[in-house]
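Read through the structures below before going on.
Below, chain A partners chain B and then partners chain C, in two separate complexes.
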Partner chain A sequence: MAVMQDVKPEQPVQLRAIRIRRQRIVKTLVLGAVAIFLATPLLAMLLFTVRQPLSGVWGIEPWKAIFTGDGSSLGADMSALWKGLGVSLALSAVTVVLMLLLLVPTMVMAHIRNKRLERAIEWVSTLPLTIPAIVLVVGLGPMYRWMSINLLSTNPIWLCFAYVILVLPFAFRALAVGLRSIDVNTLSEAARSLGASWPKVFFKVLIPNLWQSMLSASFISVAVVLGEYTVASLLGRTNLQVALFQLGQSNAQISTAMSLLALVFATVLVVALDVIAEHMRRRQEKGQNDVIG
Partner chain B sequence: MSLAERKAVAAAIDELHDGKAEQSSVTDAARAVLEDSQERGGGICMQHIDKIYPGNATKALDDFNLDVKPGEMVVLLGGSGCGKSTALRSLSGLEDIQAGRIMVGGQDVTSVPANKRNMAMVFQAYSLFPHMTAVQNVEFGLEIRGLSFKERHRIAMEKLELVGLVDQATKFTQQMSGGQQQRVALARALAISPRVLLLDEPLSALDAKVRVQLREEIRRIQVETGTTTVFVTHDQEEALSVADRIGVMNHGRIEQIDAPQTLYQRPSTEYVATFIGVTNRLPAASNGDEALVFGRCVPLIEGSARGDEVTALIRPEALTIDTSGRTSAIGEKAQVQSIHFLGSHIRVDAVLKDEVWTRANGGKPLEVTVQCSSTGAPDGLAVGGDVTIVPLPVPALAV
Partner chain C sequence: MSITHTASRPSAHRSEGLKAHSTSSTLRKGIADAAISIPFFAYTACFLLVPTLIVIVGAFTSRTGGFTLNNLAKLGEANTLHSLMTSITVSAASALIGAVVGACASYALVIGAKPNGMLRRVMLAVSSVLAQFGGIMLAFAFIATIGINGVLTLALQQLFSFTVNPNWLSSIGGLITIYSYFQIPLMIVIFLPAVDSMRPQWREAVESLGGTTWHYWSRVAVPILLPRFISAFLLLFANAFSAYATAAALFAQRAILLPLMVQSAMRNEMDPNQQGFAQVLAFTMILVVALVMWLSHAVEKRAGRWQ
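What follows is the complex of A and B.
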């Protein structure tokens, strides 16, 4: 019995060390597998852009074409690509503005005034996730046809209305997290009791506390808009993805290089979001560590 | 101002309210405080207020009436769901009412929106704006009123000094403790010189020690500034210690509103008597003026019931314990169940021995709680021991 008592305290420490080591190995293996799974197609894309598929000659002409804007040596018309990129960037900006204008006041008011309405908004916002884009286009097609003739033009910028619908599920989720992280009701009531009108409550109290989730919603929306192909293609508008597809018909290497760039840009956006969120969290933690008494 | 001076000013304000100003020696200071609050028009009159929340069948406020004098601190006290917070929120304009009228300083504010009532509220939940420092929080209301940066900063620092937090001015909310946050919230509320200060259970989220400290500070500041204040709490001790008057609420209306001492010693209803402090419910016979309790005549409070089978509501300190074992016509034999030493006093729980009381109590032994000072506890007091419970001739309510 005495021997057992001597050994027992050491055993769990050893077991814990073995378990930790095993867990670390499993973690590394899983992360490695995921990294390989994600990186392989990207690496393949990169290789494809620097190695001519038919001749096997290595070169960076496709990248040169992108950065100089001259793809004539490769028989590619770069103007459509630049136009598509411009359209997608403009669409991203307009979509983000429209989404924020539509969603932020609506969600704040619903959060303060009517929780049931908030649930209804959540349900409506998540609908685009369950409806395939191709089905959405069936409904949007006649509307856009009518709008192009009677109200607006065929300018692709008007795709922003469809894109606001497409980004709703992601933007809603990001904003909802922000709203739940602060006591919106108490903050607005405190501000109201101090004499602030509703616009002042909104701009001076709520928005400064929601900017992180608004930024998150915006970045996600930009990523979705930059990667959108189906709606634009089926409605006959040219955006970045449609232009890339068209360019791919004449020069697949430039198209692939551009896709890779767009992907890197979207990744940078998401990583930036993560870095900002982490920075905010650390600042808050630092503040909490300084709490007095 | 020292604590004694503050108490004197508070007492003098009461006397001014009651029209006995000449009798007080500190009336000048009190008059200045009172005139200042009257200038700001802080008197409140809530008349016949009804409030029903959507989807609820019962009224949260049911013909609620409240009068608060300028410079007075009234505490609304009651259990959960009695409507005390609703009354405060209706007064502040954060809740719409279905019926009634709210007057502040003689002005009808019933349909005035919350941001134009010139009241300030301190909430139970920490309500400081997280993106602002303490001083920016205090400046907020002044900025809304269009004061220059210099002016609002000066006032904000003054108010932070009032709550003893000048050194925390540049800290964010996350860097402050709960007590400090509530102090800043109080400074923020006072910075706009509100006509009425509303405190909605501001101490509930704090630990016991900080709660006691802060409630004394709130009272000190209220007396110093002379701001008309309505304080909502469910904590009796808090209410009794800070209030000029306490309104005990039940079912959406005030059952009784009086000075703390009056409320404790002369409750007008059974609910008030049982809600404030501990009360023994003892069988008695009453003629409306006096009640016979355990063979002793006890004077009754006005409005008491009369009859041969009434219940006298008697405070534990209005009973004494006799351990001598002498037989007497006054008093009732009981057996001690437990003795609790509570520092300055002792609480004794006993059960009446005579089966008559058990039968009268629906078959359950009738329990009696007696309180006596720890220095004046009778000799031979022990758990399981036989004692005689004797009522003192202290006014009680019969129901």
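What follows is the complex of A and C.
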């Protein structure tokens, strides 16, 4: 009896120490392996851009070509790339504006007034996940052929109509998170009871409370539009990715450098988003503490 | 005065609404709701519903414009079946690798770490970038790594005099590796919240009842996490199945995947023998992805019972 009483309370403590040590080893191994797998292609991209693969000469010509805009030293014509970049940047701006105009008022109103309508909007918004871009483009082909002849031009900017659909699921999720985190009903009722009109409620009360999720919806949309290749290439329009692909055929180093830059830009967007979220969380906590104090 | 006046307005409106439960007010509300949501539904009808209908109608339209099932016969051709099988193999394999490795990484990120620790935040931010890192740029990344003149290829050659098969990138194995590159981060993003919901108290409860690590995993952790894992796996499958750009950059000529066949069918649309082929392939893709997504939702719903 005495022996058992002595041993029993000790054992779990030892077990736990062993387990924690073992967990730490497993953790390091798993995360290390994943990090190596994820980092290798990125590092390789960087090395690939500064070392001529055939001659083995080190140099920063591809980066010079990008930042000076002149690729003649490498025998590359950069004009298509700049045009594609311009198109993609314009497309992301127009897509973001269209997406916000389409989603924000509808989602806010549905959230306040009609739960069934809200679910219908959610269903429609997440539908593009079920209909891949490569499928959508088969149906968009005849539509764009008709539109470019009868209504609009073949200007790549009109791709924005298709892109709004592509960003819809991501933008919807970002906005839905924001809507759920604030009490829209109380806010709008309070504002209404103080005499604000609906437009005033919307622009002066709800939008300032939703700007963080609107920003995150915009960022994810920009990331999607800048990375889009399928629709543009199959509809025969040139955007950043199509231009990158064409440049890749003649000069792999510049196109790799440009890809790396685009990736860095996407990372900056996401980190900025994380910082904003953290800032908002702190402010919210501080606000709550002030109320309690 | 003005305050009492304005403040009385909503309350009057409300009592009015309470009294009038007639059909006319619900109808009016319905019309107002419809009016607000008209732009959204009109837009999605134009650019989501119409293209989808064009695909579905096109799949069953004959050369003369009538209804036909003949277009579907092309699905049975060896060429098409082969690329369908390759698509399924690549998607399933990359989804499995992504799901298993991603789940392990999520678990590793959660155990023994602060809920808002630096490592975790960095890893999550990196994952959410890389999960979207598909397309042409991903193909470039792997060409720069392990293509003919890739950095890793040259390093392996010089250090270990090991020559990488230059065609490996455009093989099934290469494609699965490349797809895993966005599948693993996507799994981390999806699965981390599930692992987060596991409470350390559950493990302590198992221990205090005399259970071992094996008991904890087999009786508690796995049964709770399995539905979430399966639904995430299915999402990854659909994600890989719909991916197009990376494969398009690597396989310029050979249409070995279903999306690549769609592309070449679209390019050959003027060929009378290809009538409706792109639409039939696209329709098949919709069916597969819709089935997988529906399964994923069904499993997720089952998982919801635990929460």
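The definition used in the following text is that the second predicted complex is superposed on the first by the 257 of 293 C-alpha atoms of A that agree within 3 Å, B and C clash if a C-alpha of one lies under 4 Å from a C-alpha of the other, contacts with A are read in each partner's own complex, and residues count from 1 in each chain.
By our rule, a contact is a pair of C-beta atoms (placed from the backbone, for glycine too) under 8 Å apart; a residue touches a chain by one contact, two chains touch by 3 or more.
The structure presented is a predicted model; accordingly, all values stated were derived computationally and were not measured.
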item	value
Chain B versus chain C as contact partner of A:P208, first or second or both or neither	first
Touching partner for A:L85 - first (chain B), second (chain C), both, neither	neither
Partner chain(s) touched by A:G195 [first = chain B, second = chain C, both, neither]	both
Partner touching more residues of chain A, whether chain B or chain C	C
First (chain B), second (chain C), both or neither touched by A:I131	second
First, second, both or neither for A:L179, with chain B first and chain C second	neither
First (chain B), second (chain C), both or neither touched by A:I254	neither
Partner chain(s) touched by A:V26 [first = chain B, second = chain C, both, neither]	second
Partner chain in contact with A:L187 - chain B first, chain C second, else both or neither	first
Touching partner for A:T230 - first (chain B), second (chain C), both, neither	second
Chain B/chain C common contact set on chain A	189, 192-195
Complex contacts: residues of chain A adjacent to chain B	182-183, 186-187, 189-197, 200, 204-205, 208-209, 284, 287-288, 290-293
Footprint of chain C on chain A - complex, ascending	12, 15, 19-20, 23-24, 26-27, 30-31, 34, 37-38, 40-45, 47-49, 51, 53-54, 101-103, 105-106, 109-110, 113-114, 117, 121, 124-125, 127-143, 161-162, 164-165, 168, 189, 192-195, 223-224, 227-230, 233-234, 241, 244-245, 248, 252, 255-256, 259, 262-263, 266-267, 270-271, 274
Complex interface listing, chain C residues touching chain A	2-3, 6-7, 9-11, 29, 32-33, 36-37, 39-41, 43-44, 46-48, 50-55, 58, 101, 104-105, 107-109, 111-112, 119, 121, 123, 125-126, 128-130, 132-137, 140-146, 149-152, 154, 180-181, 184-185, 207, 213, 238, 241-242, 244-245, 248-249, 259, 262-263, 266, 269, 278-279, 282, 285-286, 289-290, 293
Touching residues on chain B, where the partner in the complex is chain A	92-94, 114-116, 118-121, 123, 125-131, 140-141, 144-145, 168, 171-172, 174-177, 179-180, 185, 188-189, 192, 198
